[in-house]
Structures are given as C-alpha cells and as structure tokens.
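Below: a set of structures, written as structure tokens.
The following pair of complexes shares a single chain, chain A, combined with chain B in the former and chain C in the latter.
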Partner chain A sequence: MRSPVRLERRLEQPRWLNWSIPVISLVTALVLGAIVLWITGKNPLEVYDRILERGFLGKRPIQGTLITATPFAFTGLCAAVAFRMGVINIGGEGQFYVGAIGAAWVGIAMTGQPVGVAVVGMVVMGMLFGAAYGSIVGVLKARFNTNEIITSLMLNYIAGILLNYLIFNSRSYWRDPRSMGFPSGKPITERNEWTDYVVGGVKIPLGFLIAVIAAGAIWVLYKRTRFGFEVGVIADSPRAARYAGIRTRSTIVLVMALSGALAGLGGASDVGDFRHILDAKGLQLGGFGYTGIVVAALARFNPFSTLLVAFLLGGLTNAGYALQGPDFPSGLVGTLQGLILFTAVAGEILVRYRIRANRRRTQAVAS
Partner chain B sequence: MQSAVRMTGIVKRFPGVVANDGVDLDVRPGEVHALLGENGAGKSTLSNILTGLYRPDEGKVEVNGQVVNFASPKDALHAGIGMVHQHFRLVETFTVAENVVLGEDDAPFLMNQQAVATRVKEISDRYGLAVDPSARIWQLSVGEQQRVEIIKTLYRGARILILDEPTAVLTPNEADVLFATLRAMVAEGRTVIFISHKLDEVMKVSDRVTVLRGGRTVGTVDTANTSTRELASLMVGRSVEFSRVTRVNRADNSTTVLELTDVTANDDRGRVAVQSVSLTVGRGEIVGVAGVAGNGQRELAEVIAGMRGCSSGTISVAGRTVQSGRARVAIDSGVAHIPEDRLHTGLASSHSVEDNMALKNYRSREMSPFRMLRRKAIREQATGLVDRYDVKTPNTSTPVRLLSGGNVQKVLLAREFSAMPKVLVAASPTRGLDVGAIETVRDRLVEAAEGGVGILLISEDLDEIMSLADRILVIYEGRIVDDLSAVGADRQRIGLTMGGVAQETVR
Partner chain C sequence: MNTNLLVVIAASAVFYGTPLFFAALGGVITERSGVLNLGVEGTMLIGAVTGAWASQHVGGSAWFTVLISILMGMAAGALTSLLHAFLCITLRTNQTVAGLAITIAAGGVGLSSYFANIWEVAANPVNRPIRKLDVFGLADAPVLGPIVFNQTILTYVSWVMVAVASWYLFRTKIGLQLRAVGESPQTADAMGINVVKYRYLHTVLGGSLAGLGGVFYSLAIVPLWVDGMTKGAGWIAIALVIFGFWRPGLTLVGAYLFGALQSLGTALKARNVNISGDVLDALPFVMTIVVLVLISSRFAHRRLGAPASLGVPYEREER
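And now, the complex of A and B:
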C-alpha cells in the first residue's frame, strides 16, 4: 500500500507561505470545528459568531482578551528569546513565579513613594528576580554543558515549592497575617496597583503595553545589534561562534537572563496589573509558562507575531469560558481550541515541505 | 549493445543555478564508468536524478532500454539502481545485519538474524567485502562502514551501483581493496558508476570516463586511450600544470611573525595531543606541516587560532606573546585561520554570504558603531569580496550551505585574507576541492605569502606541501619530529618520519 500523496522537502521557502499558511490553517480548523459542532447538534455559524463576539468584537471582549493575553505575551517572548539562540527554556513558568515574588515584595514594602517609583520598582524587581532565576539555567549550561530542558523544568517545580512555602507553610513577609482559615498573600499597597491606559475607549493593562515595548526592544536587539548577530551565529553553529571569537558562554548566560527577565516581567504584571497579591495557587493553576512555549512556537519565535498569537489565544480562551454552559460542555470548547492549535502546527510542515501526488511507478519497474 | 543507463539532455535548475544544463550520459552494462568533474560541475545532481532523489526538469532517463520516471529512491532501487553516498546512512548502534535490512520494503515484523547474516556473509565473501555481520556500526572503521553500504545496495539487488566519491574517506590501501571489489562486481555483469574528481583513481579503476564541466557533458573517453593530463584539461577546460610554485619574493626570514615555544595542549578528551612543540614562521614564509591525519594537526591549528588553550608553553605573534585559548585575542593580534571543517567551524552555514564575510569583523567600528549593526556596510563589504574573490553565488544573502564546495572555500578565503593578517594557519585548505578551485586556493596562498603573511600550511597532501612550502615540519604523535628545507626534500625521508620511523634511523 502506498499513500496517494507524499511530502517533498522544499528547497527554498517562498515568502508568501509565511502569511498564507497560517490563514489556510485557521480556515481548515474552522471547517473541521464546524463538522464537530454540526455532529453535536450545534449551529457552527452561531458558535463562531459567539466566539468572535465574546473574544474579539467590541470594547469589553477586547479588554478581557488583553488581560488574558498579557501573561501569554510575556512567557511567549521568554521562550522566543531563548529559542532564537537554540536554547529551549521550559523554565518560563518558574521564572514567572519568581518575578511575581520579587514584584510583590516591592509592591508590599514601598509605601508613601510617588506612584511611578513603586511601579518602576516592581518592574525592575520582577525582571531582576526572573533574570537571576533564568541565569541559573544559563550558568549550568555554559559551565557544565547541562541540558537546559531538564534544569529549567526542574527549577519550575522548585519555584512552585517556594511559592507554597512562602504563602502556605511559613509566616513569610508575603503572607497576609490576617488570613487565618485559608492562607493568602498580603495585598500590595493600594496606590502601587498598576493603572490601565485607555486607548480608543479600550482599557489596556500597563503590562500589555510593556510587552509591546519589550517585543520592539527584542526585535531591535536581535536584528540590529552585535549581540543579536552573536546570538544568531551561536544558534547556527557553536563551533563557528567560538572560531569567530564570540564569547559563547557569557552570551548563553545573558540570553537566559534576558529570557528569565521577560517571564519575571510577566510575574510582576500579574501582581501589579491583576491580582495585587502573591497568589500562590492562582499562579500555579495558570500554567502561563507552558502556554508561552506554544505561543512562541506558533509565532515562529518572532517577537511581534508572539504578541499577535498571545492575543488570539487570549481571545479564544475567554470565548471558551463564555461558551461553556449546561448545553455546551467544556470538552467541546477544548476540542475547538485544540483543532486550531493542531492545524497551526500541521501548517508548519507545509512551510517546509510540499505535497506531491504519488504517481504509480509502472514505468519504473522495468526489469 | 543496449546501454545500462542512458541519460539524454538532462536539465535541472535550482533557484539561481542551473546544475545540469543538457547532460548526456551513456553507461554500458558491465563497465566501471567514471563521472569526472569539478565540484559544482553537476555530478551529484546527475546522480541524484538517476537515483530518484530529484526529478529532472527536462530530459530522458533510460535504464536497460526502458524510459523511467523515478519518484523516489525506492523506485530507482526497484529498477536495480543503488547508491553509495559519500556520507553514510547507517544507524551507529545497530549491527551490520540490522542496517542491511533496515528500510526494506517487505521486511517481516521479526527479523531472521540468521538468514540475513548468512546472506550478508555470502555477499561479502563473493566480492571481498570483509565485514562481520554481527558487529555494530560504531565499532567499524570508515572503510568497513563503506563496505556495509555497498553490501546494503547489493543485498537489495542493485545491478547498477553509483558510488559518490568513495575514496574521499579511505586510506590508499583501503582504496585499492575497494577497486578490487568494483572489478569483481563488473566481472559479474554489474555496472558501476564511479563519481570522482581524482584523476589518478579514475585512470586506475574505470573503463570509460564521462567528463562534466559547468553542468554540461564535455565528452566521454575510453580510459585506455587517455591520460591524466588530457582528463585534467577536459575537466577544467584548459591544460593544468602541476609543478612547484615559484614565488616572486622569497621568504624574508629575518622577522618572525609566529613563534611557538614548548607548546603542549590536550585534545577534546583531555589527552595530550600537542607535545612541547616549538616552531617559527617568518614573514612571507610558508611552513608546511606534514603528517598522517590525527597526529595533533587539528589541535595545533586550534591552539594557534586561540580556539584551544595550551597547558604549557607560549605563543607569540609578531613578537608579542598572546594569551592562549582566546580566539578573539588571536584574531585581533592578526591570526587568520582556515579550519579543516569549513562549513561548521569556519562558517555559520545557515547564515548568508554577507554575514559570513563579516563573521570576524562585525565587531569593528565600521560594521557596528555603538554596537549597532550597519547592514549596509556589511552588504557592501560582501559585494566587494564576492567580486574580488570571484565567488559564484546568486546574491549576498544566499546561505553559504547552498554554495558549492569551491565557493564555500572562496568565501572563507575572502574573509580571512581581507583581514590583512600577519599569520595564516591553513588546515587542509584544498581538501575536497576540484582542480580549478585547488589552483585558486594555492594562488591565493602564494599571493598572501608574497604580501608578507607568514603561513603555516597543515596538510596531509604531501604534494601540496612540497609544491608550496619553503620549509617542511613533520608531525608525529603531537611532536615535531623533523624540520627540513622543502627544496630538494627527500620524499622518502618525509614519508618514513610521518610514519613514526625515528629520524636518526632515517639518516
């Protein structure tokens, strides 16, 4: 048995594929999803209309989507930055927690300072904490050539345990002494809560704006600077980098620190923008770090696409919550979301391969 | 007589290049047919078409008189065509027998080890392909691995075998064994297509030769009626002189540009690879380092280029001691380096030609003021160098891995020479290149020496060292065991010291 079609590697990847494949993938997902919906007795058009309505159309849905998208954007950038050097940082999750710890500390401790100072303090602290945590992975890789996937993953668990310790198992600075029954974090000073910015009637979280600035900065850093050139060469061939006199070890540590700092920023935004406490449980339920890897991969590690994918995924997530109900099981929502991710990943293959029809090999068998 | 393979008017275009531009090839059954041509002449493309890896854009392929249209290597195999690639496709941790049946169409779910081993044994006995069916691939030498590849194609019933530069990885002795095997196969009526750019072996093993140049067939000749010289001129389109290169300025030994004193260094596994080596290279001097591969040449080159630290001893460039193990320090003090592994050490192969031209000077103020890259300056530099060094590339943003071997080396040379080095360490700079490219590389080396660069030429090719170097050092097990002037050097003596026979005994 031979399959009627086969994949052939593309010798070059035409530019138009970069935008047409994602569009085709999305359409395919919608068609497949429609079939599933139709089988389960729903009107696909109606459902899609509701997804659009709840996730993307109108001021309120967009506001909600931006809130959900903000952590995805940061962890997505975190994964993208490391992957550009060929380093797979699974540790966005832990770096996110640790950044939140740093930012919450500043948010609680700083009282009486002008509002701006505290916000800057939280941003800086979140980045520093995340960077420090990320650079552990970098140092281990640079010095001892350990596998970053394993070390960063293990550090996620350690960060989770640290969170639990700070809130549930100790009387730490972060724990609210007034919370007796169920321990929770100490709220940050009210005036240290981050403000939203209103653009065209839509409230945009400060965190999302910071993510946009960060994406721009990353783009410049990687496209236009010496450092970015060096990162690119290391990703291509570490030996060639050493040959060219590039300091590979310190570059690895720096990139991991940068990657961690971005996740840490996400943690800071989680505290400053949204929860206003160090929420040990909520952070761990979010799984933002892992979602970020998916976001970055779908965005093909481009910082601006990462923002876009984070936004789309945020909208889908919110629409999913809105759709759920007695007549619409959460499994069906998951199926629709899964189909979109699945076709997006499948579409990736078409960028690198093309489909050819398999002709019968009658003439080939000649002897 | 019907042809075993007949390819007519084959055209294959790649983005920016026409790899085959109307190639004709006619191979008779039961002959060893050599396909000779420079790198980039279109040999590999042609064989990839014949084995179903590529489809021709135009032209006709006939096998045993029947027109074929292969969609995959499997189709080609069904028609009896098997290929032995230059880079083996073997699973290192599997046994020989397992590798032989791997990927077979109708392989049973459970493998009959015994039966396969018996067949493998049978094939290997018949053609003198000695190899143990139960050995694992990683335990085998390169020569033995190649035999496994050949057995694999024979096991699958190939009547026509294509070998892509099979001797590139072999020692001269192993090559002779291979030639005997090829003769045994044609004696049985099989057909062999032998791809090579080495004239001597083509003369030695083939019955007929088809020469390709620039994607076209130049001609097919009977080996018996031709000569090395004729083949060489067919291949490059003019007659080539192989002789000692004469230089305008002789070496000016009064100024030393590179001096190593008692340098000792380890290899990657931590064993001593370079042992108290002391040497000097004068301004404009070419010093050859001769030796059998694996005697510390690579490590020696890397130590000088700053890619490897030395455990003791000092290195000085133009009279100043340089810190060892810092490539950046070596580059900044004027050391250029052409490494053996061009595509993965000397170049970032997925990067563009222009990025690779700037691989070492991207740090300069012209290329990146205030640490910001000036893409325009990088492009202009590349455009100039591509022009000056005659690099054949569609444009400067083409990834270097898409270039042919000779052009890859030209990119490297252009970058290293344009940096105005004081010292150049060149490790096997012509290996794997065709006659035309070899000539270019040699000319550039001589030119650089005339311009005052001190060159340390590390090569296994004794002819190359003899024809270029002023002085020859022989390296054996990490030590310099002999030091002699190249003019009137005694080849036999060098050969013996390379092989570890002590110098005293030689004299």
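And now, the complex of A and C:
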C-alpha cells in the first residue's frame, strides 16, 4: 500500500516561501484553534472577533498591544540570534529576569544624574546582566559540549528563584522597605522612568523603539559583517567552520552573550518603561521568554519579521488580558500561541519539500 | 527510629522520585528509537489535568476510580506525544522545536490550564487521591518500613517496570531492533524493520509514561490541580535520561537522587533547620546543570550509549 502523496526535496528554496509559509502557518493555527474552541463549546468566530477588536482595532488597543509586544520583540530577537547559529537558547526567560534586576538596580541607585544618563545606564546594565547570564550557557556549551537546551532552561528556574529571594524572602536592595504586608519591589527614581513617544496619537514606548534599532543592528551584524558570516558557517557545519579556522568556541560564547543581552534589554525596558519596580511575580507570570521562541520561529529567525510577529502575538496577548473572564478562560492565549508554533514548525516541511501526488508507476523499466 | 532525618529523606526521595522516573523511563524508550521529545513537561501536565478530571468525575469504588484516572492520564499523554510523533516522524520537522512547541502549547499557561479552567478541575480537590499503602502491615517497621513498605501502588509498579523495561530493551528481539532503529535507521530499514512504525510506537509509549508521571503529581503529591504544577520536573526527567545513560536501572537511581533533592526542603523545614528555602528550591536545578556538565563530554556520550541517530529525522529517499 502506498500513500497518495509523496515528499520531494526542493533543490532550491524560492524567496516567496519566506512570507507565504508563515501566513499559511498562522491561518492553519487559527483554524486548529477554532476547532479546539468549537469542541470545548465556544463560538470561534465570536472569540476571534473579540480578539481582533481588543487587540488591533483603534488607538487604545494598538497602544496596549505595543506594550505587550515590546518584551516579545526582545525575547524574540534573543531566540532568533542564537537559533541562527543552531544554538537553541530557551533561557530568554531567565536572561530577561536578570536584565530586569540589573536595570532596576541602576534605576533605584541613580538619583541626581540627567535623565539620558540614567536611561543609558539602565540599558547598559540590563544588557550586561543578561549577557553574563547568557554566556554561562555559552561557556558550558563551548567548553564541555553541554546541552544548551537543558542548561538554559534550568537557569530560567534558578533566575525565578533568585527573583523570589530578592523580593519576597530577604531584605534586599530591590525590596521596598515600606511594603510590610505584601512585599514588593522598590520603585525606581521617578525621573528615571522611560518616556513614551507619541506618533499619530499612539504612544510608543521607548523600549519598542530600542527593539527596532536592535533589530536593524542585528540585521547588519548578520548580513554585512565577517562575524555574521562565520555564525552562518557554524550553523551550516560546525566541522567545516573549525577547518576554515573559525574560532567556533568563542563565537558560541559571544552569540550566547549577545542573545542574553537582548533578553536583558527587554528586562530593562520592563522596569524602565512599564512597571518601574522589580516585579518578581509579574515577570514570572509573563512567560516572555517562551513566547519569544514562538515569535522567532514564526518569523523564521529574521530580525524584522520578529518585530512584526511580536506585534501580532502582542495583540493576541493584549486581547487575552482584556477579555479574561468566565467566557475567555486563561490558558486560551497560551494554547493559541502553542498552535501557532506547531504550525510554524510543521510549515518548515514546505520549505524543504514539495508535496507531489503519487501516480501509479508504469512498468517501463521492466524490459 | 523512623523519624530519623535520613530515613525521612530516603522515604520521600522514593516518593518524589517516582514521577521523575516514569517520565525519564518514557524518555529512555523514546530516545532509544532515535526520537528526542522535549515535550515531556507539557505531556506530564496534560496527563496530570486529565487524571485530576477523571478522579473528580468517574464514579465507582476507590480502586476503580484511581485505575481509570491513571489510564486516562496515560492515554492523554499518549495522544500528546502522538502529535509530537506526527511532527517529527511524518513531517520530519526539527525535533527540538517540535518538542518545545508541545511544552509551550500544553504547558503551565497553555492547554493544560485551559482544560483545567473549562472542566473546572482547579475549583475542586480530587476525590480519590492515590494513597500510600501499608504493605504487609510493615509501614512502621524500623528504617525499611517507611522507605519500602509505605509507598503508593505506582512506586511498586515502577519497580516492576525497571525490570520489564531492561528486559525489553536488552533481552528481546524487539528491543534489539528498537536500538538498531535508534542507532542507524538506514541499516534497520535495510534489515526490513519498519522504522516509522517503531518510532511512532515508542514515542507514544514514552508519552503515556510521561502522562503517568503527571498523574502522580495531581493525584499523589499535591493532590490537587494547580496550573504548571510539575514545576520543571519534565525537564529534569529529560536530563535524567542522559544521567541514566539511556538505561532504565540507572535512571531509577538518578530519579531517587533528584527526588531526595526535592524533598530536602520540606524535610529540613520540618526540623527547623536554619537554611534558606530558596537555596534548597534551586538545588535540583543547579545539580542538573552540574551533572550534565560532568557527563556531557563527547567521549562520555559515545561510550555511554546515546543512540547515534538521536534527533535525526529519517528520510528513506536520501539513503
């Protein structure tokens, strides 16, 4: 018995696949999501209509969507940068927390400096902390060939415990000494709070603009520099890279540091733009790092597409927050995100293969 | 004597180690066929929520309810991993990303939480938890009593499973062929082994064991549904597969070691030992990294039995 279709490897990958496959993936995910909703007794059209309304239509929804999209953009870039070298960093979550710790420290400590200096200080410290945390994974992988997926994931849990320690279980610098009943973070100096920029009546957080700049910088780094070329070679064949004299080990560490720095920058923006404190609970509920993987996969690891996809998933999440209630249970947004990731992953098959119908073969060779 | 700290820790090491073992054994079986499943965490949560639902809704005697809950949790785990198998084996996607997709879709803020919400699992306690047994009335026997004779039925099942799995993998023809599929699917295919069938079956079998581990969380450890209740156990289980060198017996040892680390916090707190709870919480995760570093040199991998084709999709056309 033969299957009616067969897969045929593509010899070349046409450019139109780069946008058509994510679109197909997204549509398929929405169809699958509709099936899940329908099975569980909801009206899928109604749910999608409300997501569209609360996430994307109008100035206020867009403003909210930009806020939820900003952390996704950073964690998406974090994942994309590492995935491009074939290193699977799922530690964006932990690197994001650690970046927030670093930025909150500067934000609290700087009181008299000009606003610009404080903002730069927070950005730099967030990146440094994230980079340091990310490079732990890189060093272990480069030096001992340790599986980066598991180490980066374990470091996420450890960073979460560190957050709990700093805010709930100790009298640390980050904890507000006035919060006795329910411990919370110490607010950063008020003038250090990042400003929004208003474009066309929509407030754009500074963090989102930084993410756009970062995406451009990554594009240049990966497309136009020797370093980016070497990363590409390592991704294709680590062995070939070694024979070509590329320092694979230090490149792995550098890329992991860069990846961690991007997530840490997201943490800095979380403190500077939005919460203005080190919010141990809120950070852990966000799950930004994991969503970042979905974002990067759907964007096919392209930095600019990452921004676009972050905006789309930001809208979905934003609508999820706004609609949460008895007829919009929690977990729904996560489920939809997971479905999108599935279809994005499955869509890869269309990049590599053509699906051909199997015709019955005639006995031509049997002469 | 049974309140001796070491005895308490050993007893709870076995208790907390049991779900880790189930999930890790599932991983061993799956990875022996050459499929890497990083969706264990999500699969466990789906098993856990299904088990909790069944325990609340299936009537009958206590034994019957528990049995049905366990079986339904396993079936849910099997279905979840069937999706993984479809992605990895039929669609030949990147196994790492596919597994991550499962964990993200099914995990703490995904499908398992959604099911818990719409089935109203979280609102109520489970009716019929899996209780610890008093085997031969020896639960109060010194030292061995709490460790060996006062565990849940699933722990005893897991001991039988170690033996069965070792025999299956290393002493049967199917086991030999399974390992051949994991080492070199091309060769196995040439021998007439159905690579696709072997990979599908063992991925699903591994998923059902992960589901069983999840049921242990919602029916024995907590016993109640909490979003994201496995708290990284699935990932520790994946590390345990490596730690156990893809062998069931060593995996059990590793599972108990990590079970001990997990129970250390509760055991020490009960005695007012002054040590930060956060440090103890972080211990299993730190230890996972340390253990991985110790055994992850390329040399160790090759000598210690990682299936050579682990994580590589099999494409017959490209032989």
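Some observations on this one:
What we mean here is this: the second predicted complex is superposed on the first by the 291 of 367 C-alpha atoms of A that agree within 3 Å, B and C clash if a C-alpha of one lies under 4 Å from a C-alpha of the other, contacts with A are read in each partner's own complex, and residues count from 1 in each chain.
Everything below uses one rule, namely that a contact is a pair of C-beta atoms (placed from the backbone, for glycine too) under 8 Å apart; a residue touches a chain by one contact, two chains touch by 3 or more.
Quick caveat: nothing in here was measured; it's all calculated off a predicted structure.
Judged by the touch definition given at the top, the superposed model places A:F56 against neither chain B nor chain C. Contacts of A:S237 after superposition on the shared chain: chain B is touched, whereas chain C is not. Of the two partner chains placed by the overlay, neither chain B nor chain C lies in contact with A:Y48. By the document's definition of touching, of the two partners only chain B reaches A:F229; chain C does not.
Shared-chain residue A:V294: touches chain C; no touch with chain B.
When the shared chain is aligned, no partner comes close enough to touch A:W219: not chain B, not chain C.
Of the two partner chains placed by superposition, only chain C is touched by A:E348; chain B is not. Of the two partners chain B and chain C, more residues of chain A are touched by C. Common to the chain B and chain C interfaces on chain A is no residue.
Contacts from chain C toward chain A in the complex involve residues 38, 83, 87, 91-94, 96-98, 100-102, 104-118, 227, 231-232, 235, 238-239, 242, 276-278, 281-282, 285-286, 288-289, 292-293, 296-298, 317-318.
Remark: chain A residues 7, 9, 36, 40-41, 88, 90, 140, 144-147, 149-151, 153-155, 157-158, 161-162, 164-165, 169, 287, 290-291, 293-294, 297, 329-335, 337-339, 341-342, 345-346, 348-349, 352 touch chain C in the complex.
Chain A makes touch with chain B in their complex at residues 6, 11-12, 224-229, 232-233, 236-237, 239-247, 356, 358-359, 361, 363-367.
Remark: chain B residues 14-15, 63-64, 66-72, 75-76, 78-80, 159, 305-307, 326-332, 337, 339, 341, 344-351, 355, 358-360, 362-363, 368, 371-373, 375 touch chain A in the complex.
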